[in-house]
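Multiple structures are listed underneath, in structure tokens.
What follows is chain A paired twice: with chain B in the first complex and chain C in the second.
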Partner chain A sequence: MSMWRRNKYALFVLPAFLLTITLFFGGLADGLLKSFGYFPAIGQDTLRLSFYQQALAERAFQDSLFLNLRVALLSTIFASILGITLALVLYAFQLRSKRPWLLRLLQLPLTIPHLAAGYFMVLVFSQSGLMARLAYAVGWIDAPAEFPVIVNDAFGWGMVVTYAWKEAPFVALLLYPVLARIGSGWYDTARIYGARPWNYISTILLPAIRPALLTASLIVFVYTLTAFEVPYLLGVTYPATLPVYAYQLYTSGNFEDRSQALAIFWLLTVVTLLFGWIAYRFYRKSYDRGWE
Partner chain B sequence: MRSLRVPYSVLILLCFLFVIPFIPALLASLGGVWRFPLVIPEGWSFRAWEAVFRENSGTLSAIWTSLWIALCVTVINVLVSVPAAYALVRGNLRYRAAIEAILLAPIFVPALAVVMGIHLTFLRLGLTETVLGVVLVHLAPSMPYVIRAAMISFETMNRETEQAAQLLGAGPWSRFLFVILPHLRAGLVAGVTLSMLISLSQYSVTLLIGGGQVVTLPILLFPYISGGDTSIGSAYTLVFSAVALLLVISLDVALRGHYKKKGRSRV
Partner chain C sequence: MKKVVLNGTLAVLVIAGCSEQTAQQEIDLNQEWSTFEEQAKGTEVNLYMWGGSDSINQYFDNWVIPRVEETYDITLNRVPVTDTKEILTQVLDEKTAGKNEGSIDIMWINGENFKTAKDNELLGKPFSDKLPNVQNFVDLEVPQIASDFGIPVENLQAPWGTAQFVMTYDEARSDYPKSLADLEDWVQQYPGKFTYPALPDFTGSAFVRHVIYQEVGSEVFFEEALMEREEVEELLEPAWTYLNAIEPYLWREGETYPESLARLDQLFANGEVDFTMAYDPIKAAAEVQNGRFPETTRNFIWDEGTLSNTHYLAIPYNSPNPQGALVVINELLSAEAQAAKMDPANWGDLPVVELAKLSEEEQQLFSAIDLGEATVPIREMEQNRLPEIPSIYVEWIEESWLEHVAQE
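Our next item is the complex of A and B:
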């Protein structure tokens, strides 16, 4: 390949590369310096670790971290189970005859913004929501207060339910293309060898979707770990998830709090980059290996 | 073949599961009185919808601001992502894996972390409280998806088609317009849709950089859904969802339909 060809391609990458470096890595580096207390504008030009120590020592940080991990883990598990079910049902329905509208319908929750999805869940699951009214109608409860607190609860169920509803179609949409490549001939062959439907699902379908499932659930996990909108709407004042806690610190005003907020976000970023890297490795591996 | 068949009831149940959450929002926004034990509201009223679309409610201008920002973000994303994806797939670049990792990294980092870091710099540069500033901070979280979508398209396109066009005398521009672009269609629909949706649904990032002066739809509706009037909150949430949904549908029809008409559709 000639020098010019190589340079031409480098030139093609350059605009996207420069934008990412300035707007993304620039912002990250800027935040990193400030998390070490570097604010030359107000005469602070020494780097200190104290904000990380402060952040880690706070009881609020530990409670937030715990809530954050719990919500992210439960959301990922529920979204994955629901997503697998959805993909399998879709596969069974598409096996003999294609129904493109089914795929379209599946994409519906994907387009709904997270804030909107969160508010829908408030209307369904709050103590005066649709479920509470139905429970009253069938005589399970006599007053709103008797309905369990599901949204704006300290445990985080409201967020878990929202994420499960919102991310399950995302998981299904990543799994379905893998399933769609397994033609009906596979099932016929398996049946000749005496496989029951459950055998077919557990020995053929589930192993086939495993790499895609791993990628999908890691993406969901990282997203739910770092997202702001849903916890901001559906959480409680204390404990808040880490992004919300850091945002509250940041907007509370003084420079010390801002440094601590950025320190928290940096700790979170390191964790997510690690998970992101693992997800990317799995993705490339399954992608490079191809179908066989 | 019979035994892998799932009954229709399962499908209907699953569909229902995904439709339920919209029902109370519809009831609350259209219901006259919807006190606690009532499952179906007493009487109907357009009060909430009138409030949302009242002349000085700012709803329409917020919708336009949201769409305008999303459009700017997406145009920039497409302009820089298509060549980048082409070079990544075809270019045989040195450090290809590293460049790809750098370009896709924003997917895994919370946008708020980046924006908090860049906030004071934007303040100094006078970019806060401007549409341009908001557009700039929407770029990082959305660009990787456009790059990825375009890369998938290039990966599935064989080099021979392009070479055949070159042999037949097509220059770089006509090769791009008539060979590459039509093939890119499906990938671009996905990338453009994702980019618009990501920009449209940003809240915290827009609030921090826009400072309440750049009023997009999520900024306008948040006070209503965090403890405000339930009917108006519901109506706003439905408007927000409808804007997202209509955007996806019209992009799909516009970008896909155009080529279908020309008889080039294969996807």
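Our next item is the complex of A and C:
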């Protein structure tokens, strides 16, 4: 009986477990093999590195990588700054023992899928979007083309702006628990020693959140580096970010290109794993160290 | 659904029980047509087709199935599949297993799937020229029917319906260029008002093929011996020159292209650009009806004509009821069935029968259908059709566009 009880939970998760193993890891393994040129369906069964070499040598890859790094880096910086600000505002609310309605508000953007966020940007900020219509109604512009290009711009600002507002609450919600553990007592003590609010923030709060901030921004960075939907909607035709470029290659119909696309996907996967591992290490370290 | 599955199973059982029934390769297609109708009476015909469109399914369930039941006493089972490749996989499996009495009588295919079926010898004898309605109403020699994305049809499948590329504009807003040569002047006069979906979008790709036909010509693509990739790349250059020449005058100065046709439709609906396009001549009318496009939306086609492709009905080599299949396909090519198919209330698919070959009353059936004001008259479209090139070239063109137009 107790055997059953102990094992039944394992049994319950078995279907989900099997599904994940076969679909997720199966897909990853299949992609890995094909990226090394093992593709029996088209008569290829020798493992080789040539697809990785080919992928890296393409000008399109290099242009994509450059754009990708720029967008990911800027998105991370803006999302982090916004996120820190939000977390500090939340902390200020807590000091005045306000009810956490702001916290609830911040959780809202987290529920919006990135695809919807991207499409929202198109609807609002494209040259015939809501903002352009308002500008037209007020008489600031006479034609759609006069409205500034915010989405589908070559630099990638459309993506950066989207990621900044979409990820900032995520950063804030990762930082806030750390701040919440710093009671209001610390602030009173600091004030006794003559600290102004800014001193308190820079010498107490910011160092306290640094490990969590590092974790959060690493996650944001690797996400913006590898996500597909926002660049697909808000990017330009060329250069595309790496995930979009790989998707174009994969769907081009040529089997050789598929192996190359999968090589790019695997490079992205390795980068994700690496950053994920570093983020995890930082998180553990800050967690283990505690509050001595 | 359940019934369909059950019928399918029964059919297989029955077939397994009496294997002396004639398989398709054994019937004599030169018999008197009435013999087939006689033999098909009281039988079942299994039609396997893509089932992803409600309106197409309803055309069958509400119009075709009752009609063949009444007229020919044939029970037609519509077996829906989510991807036409599944049908071919099934026939291929049957062939591998040596099953000469299969389960499929008719399949709805074209392009790539026809090529697969032909290459793997999954089709029976050439039959389409034996159908009375084809003999009376269809011209099998016209290029866009005689070849299916560059593959010679050789009467192995019967043409059934047509799709054609159209351009769309708003007559209240602008005039339109009559040809691609005009377009070059037009975009310079009205910069920023034209663009096309980035390849490999299906419709964007079709637009680019028109440019290729205009700048390169189409004959070379239809030569029997396929060209090497390098040869094609070299041929395409004038087309890239044209597209790069108009690029600075396109929407957003050609810095980017809409990523999909849906996005181009949105730009058109918002008035950001003056044109959209479709490989579906009735879509614009539908968009006007549901209020997305303005009332003054109109389609037009290039003076040189626009691309058109045909979809077909084929009989697998191991069809258990080839006589029934012939009768049903023939009925689907009757003026009544083709007219009902064209009615947007049913499906809205262009006919493959030539209106000029029909009787006065039969033509009436077509002219009575309201295709919406946006739609180009059928006759005009019919007379301005260009055939599609082999699909292998389409892939190369799409890749080459990214390199020579998007990247430049």
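Some notes on this structure:
Quick note on the criterion: the second predicted complex is superposed on the first by the 247 of 292 C-alpha atoms of A that agree within 3 Å, B and C clash if a C-alpha of one lies under 4 Å from a C-alpha of the other, contacts with A are read in each partner's own complex, and residues count from 1 in each chain.
The rule is short, and it goes like this: a contact is a pair of C-beta atoms (placed from the backbone, for glycine too) under 8 Å apart; a residue touches a chain by one contact, two chains touch by 3 or more.
Being a predicted model, the structure only gives us computed values, none of them experimental.
In the superposed pair of complexes, A:89 makes contact with chain B only, with no contact to chain C.
In the superposition on chain A, A:154 makes contact with chain C only, not with chain B. When the shared chain is aligned, no partner comes close enough to touch A:47: not chain B, not chain C.
Look at A:56: by the touch rule set out above, it reaches neither chain B nor chain C. By the document's definition of touching, of the two partners only chain B reaches A:112; chain C does not.
By the document's definition of touching, both partners, chain B and chain C, reach A:128. Between chain B and chain C, the partner in contact with more residues of chain A is B. Contacts of A:233 after superposition on the shared chain: both chain B and chain C are touched.
Legend: residue contacts after superposition of the two complexes on their common chain; A:144 is shown touching both chain B and chain C. Of the two partner chains placed around the shared chain by superposition, chain B is the only one that A:279 touches, whereas chain C remains out of contact. Put simply, chain A uses residues 128, 144, 232-233, 251 to touch chain B in one complex and chain C in the other. Only residues 59-60, 126-128, 144-145, 149, 152-154, 232-233, 235-239, 248, 251-254, 257 of chain A touch chain C when the two sit together in their complex.
On the chain A side of its complex with chain B, the touching residues are 1, 6, 9-10, 12-13, 15-17, 19-21, 23-32, 34, 41, 85-86, 89, 92-93, 95-96, 102, 105, 107-109, 111-124, 128-130, 132-134, 136-137, 144, 165, 169, 184, 187-188, 191, 196-197, 200, 219, 222, 226-229, 232-233, 243, 246-247, 250-251, 258, 261-262, 265-266, 268-269, 272-273, 275-277, 279-280.
Taken together, the chain C residues at the contact with chain A in this complex read 192, 198, 200, 252, 255-257, 259, 267, 270-272, 395, 398-399, 402-403, 406-407. Of all the residues in chain B, the ones that touch chain A in their complex are 1, 3-6, 10-11, 14-15, 17-18, 20-25, 27-28, 36-39, 76, 79-81, 83-84, 86-88, 90-94, 99, 101-110, 112-118, 120-121, 136-137, 139-140, 143, 147, 197, 200-201, 203-204, 208, 218, 221-222, 225-226, 230, 233-234, 237-238, 240-241, 244-245, 247-248.
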